[in-house]
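These are the structures in question, set out in turn.
In what follows, chain A forms one complex with chain B and a second complex with chain C.
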Partner chain A sequence: MNRAILNQLDVEAEKVVAKYDQKKAATLTLLHMAQDKVGYVTPEIEAWVSKWTEVPVVHVHEVVTFYSMYHKKPAGKTHIRFCTGTSCALGGYEKILSHLKKKLNIQNGEVTKDGKFSLEEAECLCACECAPMMQVGDKYHMDLTEKKVDQILDAHK
Partner chain B sequence: MSEPILSRNFNIPDAHKLSVAESRGAYETAKKVLATSKPEDVINAVIASNLRGLGGAGFPTGKKWQFLPKDNPKPVYLVINADEGEPGTCKDRYILERDPHQMIEGIIISAFAIKSHKAYVYIRGEYVEPYRNLQAAVDEAYKKGYLGKNLFGGTYSLDLVVHRGAGAYICGEETALLESLEGKRGLPRLKPPFPAIVGLFGCPTIINNVETVACVPHIMKNGAEWFVKLGTPTCGGTHLFSLSGHVKKPGVYELPMGIPLKEIIYNYGGGIKGDKQLKAVIPGGISAKILTAAEIDVKMDYDSLKAAGTMMGSAGIMVMDENTCMVKMLYYATKFFSHESCGQCSPCREGTGWAHKIVTRMYHGEGTLKDLDTLLTIARNMEGRTICVFADAAAWPIQSYIGKFRAEFEAYIQNGKGKDLKPQEAVLQHG
Partner chain C sequence: MANITIDGKQVTVKDGITIIEAIDQVKTELPRYCYHPGLSIAGNCRICQVEVEKMPRTVIACNTRVAEGMVIHTQSAKAKESQQVVLEFLLANHPLDCPVCDQAGECKLQDYYMDYGLYDSKFNEQKVKKTKKAVSIGPTIMLDQERCILCSRCVRFGDEITKTHDFGIFNRGDHAELNIYPGQELNNKYSGNVADICPVGALTDKDFRFKMRVWYLGSQESVCPGCSRGCNIKVEYEKSRPYHLKNERVMRLKPRENMDVNKWWMCDEGRYAYKSIDQNRIQKLISKENGVSSEISWQKALEKIAGLLKNAKPSSWAVLASPQYTNEELHLKKKLFKDQLKWTHIAFYAPGQEGSEDNFLIKKDKNPNSAGAAQILNLNGAADMTPVIEKAKRGELEGLIIFGHDLEKIYGAETLKLIRQKVKTIIYEGTNNNPTSAVADMVLPGVSYAEKEGTFTNFEGRVQRIRKAVEPIPGTLPTWDFLLNLSGLLGLSYKALRPEHIFEDLAKDNQAFQDLNYKKIGHQGMVWNKK
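Up next is the complex of A and B:
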């Protein structure tokens, strides 16, 4: 299944690589592209990126493990990054995070049984003016309350 | 402040779209500069304007541009640092998301000045929505001939690539950013050579913050003298201050360089939430040393804050009321630095992890008085001993929180506070 998806991405990959002055510079972008389609970074994806960037697979793997946004194992359909930075702490995020955990019945780094959500306690996401906040999928949700968290989760059901 | 400059379009609906931006004057200055000025004219104007880098270090922008080698046969790159990650800071997000054309116009004029024909914007990976607005703005600019070959029908050409990071605070450090942009782990490089000599792909490179380049069109439009007058004698212009924590009206405020910190907190921020007493303020992002309530009579500019023993940094102001627990605040600071250390230099890799372990234990009621001195020793052994200043930044919260609130730390330890913290708070796992 991976292979078919990656074959489809080849057309786009060629355009991406062409934008950069050196092929290896496309590494992060290609990883984002493939992860968006597959859900996490598989060994096939690493090999595919290595093919396009002409850097050894081991080097691609090193990159994957360095950056927090690349999932090394399957994430939920919607990934939640909950900000645990200083401003969110001043805004009392702990209570809202435990509410979210109770609701999803998962801890940091886990995926819900139905595979719908995964949770990551993130470092500062730089929306400090609207603390506490979390990122659900791509979107920033700010000035969180327990009620707001309920509404956001319901909208993703 | 009379007229907003950098933030003038922040509340205009759809200002990220080219038609709206152009109706508000976007690209007029770039067109004029490219048609009538020489690159040296721009550099001279930027030098005369006293513009200083707004990414944290406050280095004079025009002077940095002059470090580029003369008669250089290699391509020159302009790289924009949009990796905003300093806790307490949210200013660049406003430009990227709400007024990307302002930054693109700044990139055009800045790249023209340094004779670069290729620019990269490195935007933090989590900023997906700002990225979409920015990429759409770049696409629109290309379509109209404002980017690409022969800008505005003239002779100058410039390509612009938006590049997404993938979650690593250290990539905000300029040489780690270059490594990351080259497709590698974000490990800072030894300096010298500085990026102006050996930067991206081994070529001369200028790295500037989003807000820094956004200032450039305004300088070219209104003149260097106008920009100088907005600020202090050593630093021109305004700054986007991010205000968060226990204030009534948190937000991003554009205010002149040198504005008193008190005025930001009590006038613009509306004072302390619940009308409580102020306890402490971090003036420039988590890396800046903390100020006690008695120390906030300070102006917000690079020199004044330095004189006050702290720094402007990213101008991320975090306000703490009388009920704030300093042990808990230090816990959050050490958690951040231990999670984000890139691991390249041992004093930092080991020091940040060790400090966080001790502070976590202390926070949960298992600390000893000796721990305080151990922490200070760890901090001293991180300062000035590593490739980049991340380790120094990790040391400063330890030194300043314990240094200024030692009695509170001692009381917390002696009274066995923290023992009642819920276990789920205790198992915050990171990395």
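Up next is the complex of A and C:
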């Protein structure tokens, strides 16, 4: 299945690689492209990126494990990054986080049974001015309350 | 050229080299982990701190270039403090279990702690444990992640030397760990080198692991006999505990730096081939008479052989010399069989024995001294043993002296059987038992390259010395010694007592070796004079 997806991505990959002076510079972009389609970075994706960038696959793997925004295992359809930074702590994130966990019935690093959500506790996401906050998919949700969390989850069901 | 000062000593060095290269040129001690002269600069371990006057902070010597007028201190209080602090960080997550670590004794963490550390640990936190403790990552190497200091030497070795891209550093910060790609194994022809360059106990050699503490090892310079490259090596042997591992003396081989031959490396095939020095050795001098084998003394054997050779018709005997032997031994063979006895059937080349080759170190000729054999025996293209073998098969030979060759391996069991039937006397000289030694009328136990002195000539004509690391096994005799004695009995008097003297004679005799002697050959070898 991944193969087919990656074959489709080949056309786009060619364009991406052409944008850079050095092929290896396209590593991050290609990883994101493939992860967006497949959900997480598989060994096949690493090999595919290696093929396009001419970066040895072991070094592609270094990149994947270095950055926390690449998933090394399947994530939920909607991935939640919940900020546990200092400001969010002062803003009382703990209560909200445990509410979220109870609601989803998962712990940090897990995926809900229906595969809809996954949760990751993150270090500061740089939105201290509106702590507590979390990132759902690509979007920041700020000044969280338990009620707000419920609404957000419902919207993503 | 740049004029710089290192620890008060003024030196002039090449422009553009790094401080550490300059320091190495003047042979000053400076700690280093990630720096290796054969690999690219990483500058990640930070231990090589030096103070450079007029610079605000200490700098790393491996990634700072020299500049005119630089005044460098490696021992000043400032430099030492930096080195010490870096070491403390490097050891923060390192286990403190040297007594059970196989690297102990040749570990740079241990060494540098004693030389540059000696601090009291200020570290109260829990150490971050890495995942993999003592896992096999391939046929030759074990990985212990928690001992790794992430210097990336092994990573660069895979990227730059073997180009097999084996290692990577995964995750980051405290959690960064060294590993090979998941599901792969470390399996290339030079894998053993990563254990040599790993400065700590993270990568260890399975073959040597826990076999012996390194401080019991003796070390002798030699040359690998595994192929015609002649990589410079150290033969490391059990030195002070003869009761330990009773019948094994040589414990491991290590590459020895020679920029003209093998740089810092050697191949796995050569590295692990040392076992034949202690295994399956011919230890008894056996002579068969009327179908009965008995052990006889060297004295008796020499007399017997001399008697046979005295009466032999030069055209009815043949000698199979071998490029596994030293220049000195080949020279004696030439003197005795060719010049003195006037034999015409002399050969050394065994056809069809080529192995694999690459464009790095490994050569397909698996003999260490083919160039020397060809030059010394001077057979004008008639080095191939096959015509001699054909003659023997046809029953045209009365006697055959074989040095080291296993005819079954080269020509097949049938041929060996036939030769055995047709040739009346077969004398075998060699180090290890094989089907040919098994059928010989007389078996003379020789010594391995680790038990004698001599020289090999590599494929480029570089003459290099092998040296005696361990004593010959009782009952065995170096081939040169045997040949000297035999020559004496056959009226060829020699003043030589040692291989060195034989070499002097060779130098007189053979243009290619002219002007060479053991002193000139030294530790790094010397290219011969052949035009």
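Here is the rule we go by: the second predicted complex is superposed on the first by the 157 of 157 C-alpha atoms of A that agree within 3 Å, B and C clash if a C-alpha of one lies under 4 Å from a C-alpha of the other, contacts with A are read in each partner's own complex, and residues count from 1 in each chain.
We adopt the following convention: contacts are C-beta pairs under 8 Å (C-beta built on N, C-alpha and C of every residue); 3 or more make two chains touch, one makes a residue touch a chain.
Note that the coordinates shown come from a computational prediction; the quantities given were computed from them, not determined experimentally.
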item	value
Partner chain(s) touched by A:58 [first = chain B, second = chain C, both, neither]	second
Contacts of A:109 with chain B and chain C, given as first, second, both or neither	first
Chain A residues touched by each partner, larger count belonging to chain B or chain C	B
Touching partner for A:66 - first (chain B), second (chain C), both, neither	both
Touched partner set for A:24, first chain B, second chain C, both or neither	first
First (chain B), second (chain C), both or neither touched by A:127	first
Partner chain in contact with A:43 - chain B first, chain C second, else both or neither	second
Residues of chain A that lie at the interface with chain B and also at the interface with chain C	59, 62, 66
Complex contacts: residues of chain C adjacent to chain A	158-159, 165-172, 180-184
Chain C-touching residues of chain A, taken from the complex the two chains share	43, 56-59, 61-62, 65-66
Residues of chain A defined as touching chain B within the complex	19-22, 24-29, 31-32, 53, 55, 59, 62-63, 66-70, 81, 84-87, 89-91, 94, 98, 101, 107-109, 121-131, 135, 138-140
List of chain B residues in touch with chain A within their complex	75, 84-90, 93, 118, 124-129, 161, 163-169, 180-186, 200-201, 242-246, 250-252, 282, 286, 316, 318-320, 324, 328-329, 332-333, 335-336, 339-340, 342, 422, 424-425, 427-430
